[in-house]
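There are two complexes below, and they share subunit A, which is joined by subunit B in the first and by subunit C in the second.
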Partner chain A sequence: MIPIKKPLVATIICCCFLTGCWDKRELNEIAIAVAFGIDKSDEGFRVSAQVVVPSAISSDKGAEGTPVLLFQADGETAYEAIRKMTKQVPRKIYPGHLKLLVIGEEMAREGIWDSLDLFVRDWEVRPDFSVVVARDRPASDILRVPTALDTIPANKLFDMLENSSDNWSEVHKMTLFELLADISSDGKDAVLTGILSSADADSNTGKEATEEIHPSARLYFDNLAVFEKDRLVGWLDAEQSKGFNYVAGNIKNTVETISCPEGGSVAIEVTKSDAKIKASFSGGNPEMEIIIKNKGNVGSVQCGLDMKKPESIHILDNLFEKKLTGIIEETVKETQSRGRSDIFGFGQTIHRSHPDKWKSLKGEWDEHGFENVPVKVKVEMNIRMTGTLLNPL
Partner chain B sequence: MSLFDQKKGGQPEASGRDCLQKSLQDNLLLLKVTLGESTDVIIREIRIGREGIPAGILYTDGLTDTASLQKFLLETLMIELPEIEEREGGSPDECFLSELKERILTVGEVEESGSVSSLLGSLLSGDTLLLVDGYAAGLVIPNRKWAERAVTEPNSQTVVRGPRDSFSENIRVNSALIRRRVKDPNLWNESRKIGTRTETNVELMYIHGLIEERVLDELRKRLDLIEIDGILESGYIEEFIQDTDYTMFPTIYNTERPDAVAANLLEGRIAILVDGSPFVLIVPALFTQFFQSSEDYYQRVLFSSFIRILRYVSFGIAMLLPAFYIAITTFHPNMLPPPLLISLAAQREGVPFPAFIEALIMELAFEILREAGLRMPRNVGSAISIVGAMVIGTAAVEAGIISAAMVIVVSLTAIANFVSPVYDLGFTVRMLRFGFMILAGCFGFYGIMIGLIVTILHLCSLRSFGVPYMSPLSPFNWSGQKDTMIRGPIPRMYRRPRLIGKANPTRQQPAVAEESSPDNSESKR
Partner chain C sequence: MKGIERISAYQFGVLVFFFTTGTSILAVPAILAEKAGQDAWLAAAAGTLAGLGIIFLYGLLARCFPRNSLFGAMEWILGRWIGKFIMALFILVMVNYASSLLYYSGAFLQTEMLPNTPMSMLNFLMLATILIGVFLGLETIARTAEVFILVYAVFLFLLFIFLLPAIKIENIQPVFESGAGTIARASFPLLEVFALNTITMLVIYSASTDSEKQAGRSFLIGSAISAAVIILLTFLCVSILGGDNTAKQQYPGYELAKKISVGNFIQRVESTISFLWLITLYFKASIYIYAAILGTARLFGQRNYRTFILPLGTIAFLLSLTLYPSIIDFKEWRATTGMTLSIFSGVFVPLLPASVYLIRRKKLAGREKAG
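Let's look at the complex of A and B:
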C-alpha cells in the first residue's frame, strides 16, 4: 500500500465538507408540483401550479386540510412566472414529478411553443407528462376543481386520460415528447385532448365539493384540439376524434355500437386495430389510401340477429366496416375542409414513401396540398368471438 | 536465539546459571527464587528408593493431573521402587536418572533436561519436574491437566445442517478436531512458540503437496519476525502477519469451525492455530471467502446459490441503503415514483433534521445499542431490547424526531448486516456505511459512485499472502466462478481455487465429462 500523505488526506476530507451541499434539497423543502396550467394574461403568461400538500395525503394522519394548493403568478415568460411564485410559496416549486400540463384555449390559439420551450429546456422536468387543452376556459379553472376518488386532481386526470385512451379511445394521451415530435415534423400536425369542466359560476370548488356525491364541478376529457404547427385551429367532435384515433393507430381497445338491419343494435368490442396509410401517385398527383384492419368480439346483442349462424357474423363485419368507413371519411373530409392542419400525417407519409416527389409538394402542402388530396378509406373487420352467450334470451 | 536474550534481560537471576547443580537443595532454592516463591508452584521433597535418596517433585497446582501424579510418580517412586531394588538387589549408580526414565516411570513421554529455563518452561506449562539429589538434570513428566471448556457448538458461525463442534481454547484439542477430519499423512503440523513471556504455542497446519511452498515460506518468515511479549489471541498473530494494516477489509480468514478449516486445507490453504484461542486463522483469504458459509456445501445446490446471491445483495444493502436513502431524498427526488415521493415527503414533514443528520443519529444509536448489547452483563439483557425498541422504533417517530421511513432503512440495514456469515466483514460494512453516508450527504449519487469506485479499486489492490484479494473475480477466471456468486454442484467443482491450489489443481477426476476449457489438460495430474 502506498503510504498516504496525511496533509493530502486532511485536505480531501476538508474539501468534502467545505464545498457544502449546494444542490441539496430536503423533501420538506420542496413543493412537488403535479400540474401546471398556462394561460394568457396581460403581462404575457399566467402560470398556475398545482402543488401537493404531503401531510394532507399521508395515510396515517387521516388526511386533514386540502390535498393540493394552487398558486398563480404572471410574467412575461413562463419561467419568470414560475419563479415569481416564490413570493407566495415557502418552498421551491419542484417540477420533476409533473403529470399534467393544461394549456388554456386562448393561449393555445396563439401558439403553445413559447410555453412549451421552458418544459423542454429545463433539466429537472421529465418530458413524459401529458399535455391537454382546456376547452373554452383558462387552465387555472381546470386545476381548481377538487376530486374525491384520487385526492390529487392531477393524478386523477392523468389516470383518467390513460384509462380512457386505453379502453374507449376517443381521447388520446399525448406526452410532451410526442407533441414535440408532431409539432416539429414536416407534414404532420398535432392534436391534443381537450379537457372540460362542468363547473359554473356558483359551483362549489372548495374542499366540500369532495363530499358531494354528485359534485356539480366535474372534469372530463372530450374532443381533440387540432393544431396547425403550434396553434390551435379547431376541435374535432367525439365521433371525429375517434375516427382520427383509428387512422392514427391509437386504438388499443374500444367499443362500437352498430345498428342491425332489422332494428336494434349490437356492441362490438374492438380488440385490435392496425392502421396503415399509403401514398400513391397518379399523373403526378398524390392519392392517399387508409387501410384499417380490426379484430373484435361481440360485446352485447340487442337485436334479433341469429348469432348461431356464421353469416350473422359476416353481416356484423360488413356493418362495422361500413360504419367505420363512414366515420373516417367524415373525419377526413372535415379535417380537409378546415385546411392546412394535416393531423393524419399524410404529408409525412408521402415524404417517407416518395421523398423525391415530396420535395416539390412540400412548399404548398399546407396551403392547398392537404385539402385537395383524394383519400380512399378501406376498413376490414374480423369478429372472432361472440362471448359466452349465443343468442339473446 | 532472540527469545533467550530477552529472557536474560528480564530475569537476571537466571542469567549465567542456566544449568542445574548437583545438589538438590541448591536446585530447589534456585527454582524457588526464580519463581518468586509463587504459591501455586508446589515443591514436594521426598526420599526415594531403599536408600532414601532425596528428590524433589515440582508441579504447578491447577495445571497438573494430581491423580496421575500420585499414581504414576509418587507411588512408583516411594512404594514400588524400593521393592524393585530389593528384588534386584542393585543400588543407585551413575545412571540412576536414566534408569528411572527408562525403566521405572510408567508415564508416556519423559524428557531429561539440565537447562533451568527449559525446565521452568515445562513446569509452567503444567508438566511435573522430578529432581534427584546428585544429578545436574531433571526429568520432565508430562501430566498436564487443567479445567477447560469442552468442545461446544460454535457461537459465531452457526449452521442448521452440518457438524456442531467448534474449536476450544486448547490447541491440542483443536488440532485433533482437524486431524479427525483429514486423515491424510500429508497433513503436516508445524509448531513454534511466540511471545517472550507467554510462550504461546502457535501451530501451522497444512496439507503437504497442496499448498504453495512460496506462501508457506512467506508465512514462516512473517511468524519468525514477530517480536512481542505475549500472544493472547489469534488476533495478535493476525495483525502481525497481515499484508497491510491500511485496510478495512480482513485479509485473513478466521473461523471456529473445524469443518471450515478442513475444507480450506483441502483447497490448499494454511491454518494457523494459536493456543488459547478458539479461532483458527486461515491464509490466504479472499474477498469472496467471506460470503461463504460451510453450510453452503451441505445444502442443496440451488438453495445454496440463492443464499449466496442473497448474501451479496445484503452486503450491498448493509453498506449502501442509508446512503441511497440520503442521496435520493436530498438530491434526486425525481428518481422516485410520485406516490412514493409524496409518501416520503409526508413523513419528512415536521422532522427537524436534514436526512443526513437523521440517518447519522439513527445509525449511531443503533451502533451504540449493538455495542451495549454485546458488552453488558447477560442478566440485564432484556433491558436493552426494551429500550432499544423504543429508540429505534415508533417512539422515535412519534416524538417527531425521526421519519418512519428512516426507521425502516436503519432496521433493514441492521438486519442485512447480520446476514454476513463471517463476523469480520460485518465490521467493514459498518464502517464503510458511514463513509458512504457522508459521501451521499455531500454529493448524492455522484458521491456514492465515487466511493464505490474507490472501494473497488482498493479491493483490487489488496493481496493476501501474494494472492489477489478479489480473485477469482479479478483477475477473472471461469472455473472459480463455480464457487463465487453461486455454489456449483460439488461433483463439478473438481478443481481447487486457481491461485490458491496451484500446486495441485485437481481435487478429483471430474465426475462428468466437462466442457473442455483451455487449461483443462495441463491442470490434470
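Let's look at the complex of A and C:
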C-alpha cells in the first residue's frame, strides 16, 4: 500500500506548487503605459494613456508604424477611466513603467489631489515618475506630439526634464513622491514644471512630423506652476523659476550671464550651489534669511576685463552676487505678493527650528503670515577656474 | 516534565529575534507615526525599551519553574483544573494570533504583489509551510531560523546601505515636538506586539533549551537586537518618507524598499526585500502554532503533539479567512480585541501563576520533592 501512496501524494503536492504564478501576465498580455495625461471632462476625468507599441520599437526590424498609441477615456474617477480604456485596447494597461504624468492646467486649477490618490494607492505604480503641468492646454495635446530623437515621447520628455534640471536648472524634475511630501506637509507648498507645446491647429502631429528637421509641433519645458495646497494658482516666469530653484537648492549646474562694468558680458557656469534658509525671531515676529553659497567657473568672456588679475575675479564674484540677490529678492517679493503659496517652505523652516513658536503662527500662516514675513537674501560666489583660456580672444 | 526536543541557546535567541521583530517592522512605523508624527522613532525607542523590561520580567518568571514549560508551570502552580482552564484560554489566544498573522501575510501579498490570487491560496501555502515545519519539530524550525538569520542580516544590511543616500535629516525635525506623553501613548501598540506577545516564548524557553542560564541571556540579546532593528526601520521610514506620509501608508516598510535606486541600476528590488517581512512572519506564526499545538496536546494528556497539527491548522486557516471582513476591520481588531487578548496573555497569564507561586512557594517546593 505504502509504495503506491507516496508517489501519489508527492504528485498531488507537486501540482499545488508547480503550476506557476496565479498573477502571471506575459509581456504580450499587457499594454505598457509610459505616460498618463489627466484632464477635466464633463463626466469628471479624461485620462489619456500613451502606450508603447512593442513591435514598432524592436531594434532588429527597424521602426515600422507608430511607436506609441494614445488612448483616451472619460470617467467619474481616473481609475474608472483607465479601466474603460479596455474598450479600445486589447490588453490591460500596465502602469509599472510610468515615466511621466501630465496634468492639464484646467484640472490643476481645480486640484490635483483627487487625481494623485489613485497613483499612490495603486500597487503597480511606482512613485518615481515625474509630474508636470500642461500650460494652457489639455494634457492630451501634449501626449499627442511625436518626437524623433527618442521615438517614445514619454522617454524623451523624461530625459529632457532630467537633462534640463541638471544643466540649466530652470525647470525642476519633481517626482510624485516629492510632490506628495510637499503637498501634505504644513508650511510648504509645491511647484511643478510646466510643459508647453508649440503646435497650433494645422501643425502636423502625424508620423511625418518626425521626418521634418524643424517640426512645427515641439514640446518644451518652461516655467514653474505654483500650487496652494493642491490647486494651481499661478506661474513663475523663467527668471523667477530659476530664482526659486536657487532657494530650493535644486541647482546642479547652470549658467548666469552678467554684465561687465565697462559693457559686454561674462557667462559664469555655476557648478555648485547650496541654499540654506534660516528663521530667527525678533520681538515675537519671524524673520527669514536665505543664504546661498555658490561655486563656479568662467565660461565665456565678451568684455575687456583683464582676466589675469585677481581683482577681476573678485569683481565678477561681486557682480554675480549682486545679480543673483536681485533675482531672488524679486522672486520672493513676487511670491509673497501673491500670498498664501509658501513654495520656499518658510513655514516648514520655522516649524523645524522653532516648534514652540510655530504652534501660534501656524493658524494664520497661509492667511497673512507668509506674505508679511521679512526676508533677507545673502549670496556668496566663489569663482575658481577660467577654462582653457586666460584673457579673452 | 522536560520536552524531548532540545535547541541551543543561540537558536533560541534567533527565534526570539524573529518573534519580536515579527509584525513590528512592516506596519508599526505607520502606527507610531500616526500619533507621534516625525517623533515615531523616539516612540519606537520608548516602546522597545519598556518592552525589554517586560521581557526581562518574563525571564525572571521562567526561573520560578525551571525545566518546565509555561503550560507545565500553570498546572503545577495553579493546580490541575484552574491550570487547564487558563491553558485552554491561552491556547485560544495563540490560535487567534496565528490566524491573524496568516491574514496579515495574505493581505500584504495581495495588496502589494498578487492582487488576483485568492487569499485562501496565499494563506494555505503559508500555513502548509508552517505546518510542515511544526510536524518536523522545534529542532528543525530552530535550525531553519539559524540558516535564515544570515540571509536576513544580509538583506537588512543591503536595505540600510541602499537607503542611506535617501535619508533627509530635516524630516525628523523638530525632534521631540510631540512631548513625552504623546510618545508614550504612541508607543503602546508597539509594547504589545514587541513585548506582551513574547510570553509565548516561555513555552519553549525552559523546557526545550540546552542551558537555561545561557538561554536567559539570548532571550534578552535576541530581543535587544530586534529592538534595534525596529528603531532603525522606523527611523528610516520617518527620515525618508516623512512623518505625515509614513502615517498614511499601509506598509511603510515596503514603500521604503520601493525608494531604492542606486545609480539607476539597483532598483525595483522591493519584492526581493519583502523576503525580510515574510520570513519573520513565518517564524512568528510557526511559534504561535507550535505553542498552541503543544498546549492542546498537554491539555488532553496526549504524548504526541503531532496528532493536533491538522485539526488546529484547519481551525487557524478557516479563522484567517473568516475572522476579518476587510483590512480596516482587521486593523480595528488588532487595536481593540487584539490588544485585550494581549493584555490577557501577556499580563494576566504570567501574573496569576507568579503571585500564586509567591504565596504557595513552600508548599510547592514540598510537592516537587514528593513528586
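Keep in mind that, in the parts below, the second predicted complex is superposed on the first by the 374 of 393 C-alpha atoms of A that agree within 3 Å, B and C clash if a C-alpha of one lies under 4 Å from a C-alpha of the other, contacts with A are read in each partner's own complex, and residues count from 1 in each chain.
As a convention for this text, a residue touches a chain if its C-beta (ideal position, glycine included) is under 8 Å from a C-beta of that chain, and two chains touch if they have at least 3 such contacts.
Remember, it's a predicted structure, so these values are computed and weren't measured experimentally.
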{"item": "Subunit A as common anchor, with subunit B and subunit C clashing or fitting", "value": "fit"}
{"item": "First (subunit B), second (subunit C), both or neither touched by A:94", "value": "first"}
{"item": "Partner touching more residues of subunit A, whether subunit B or subunit C", "value": "B"}
{"item": "Touched partner set for A:52, first subunit B, second subunit C, both or neither", "value": "first"}
{"item": "Subunit B versus subunit C as contact partner of A:126, first or second or both or neither", "value": "both"}
{"item": "Subunit B versus subunit C as contact partner of A:351, first or second or both or neither", "value": "second"}
{"item": "Which of subunit B and subunit C A:219 touches, first, second, both or neither", "value": "neither"}
{"item": "Three-chain overlay, vertex subunit A: subunit B-subunit C angle, C-alpha, nearest 10 degrees", "value": "50"}
{"item": "Partner chain(s) touched by A:27 [first = subunit B, second = subunit C, both, neither]", "value": "first"}
{"item": "Smallest separation in angstrom, by C-alpha atoms, between subunit B and subunit C in the superposition", "value": "5"}
{"item": "On subunit A, the residue positions that both subunit B and subunit C contact, one per complex", "value": "16-17, 21, 23, 126"}
{"item": "Residues of subunit A defined as touching subunit B within the complex", "value": "1, 4, 16-17, 19, 21, 23-28, 30, 32, 34, 52, 54-55, 57-59, 61, 94, 96-97, 99, 124, 126, 152, 155"}
{"item": "Residues of subunit C defined as touching subunit A within the complex", "value": "111-118, 121, 125, 170, 173-174, 177, 241-242, 244-245, 248, 258-259, 261, 268"}
{"item": "Residues of subunit B touching subunit A in the complex", "value": "244, 246-247, 329-331, 333-334, 338, 341-351, 354-355, 438-439, 441-444, 461"}
{"item": "For the subunit A and subunit C complex, residues of the former touching the latter", "value": "16-17, 21-23, 123, 126-128, 177, 180-181, 184-185, 351-353, 355"}
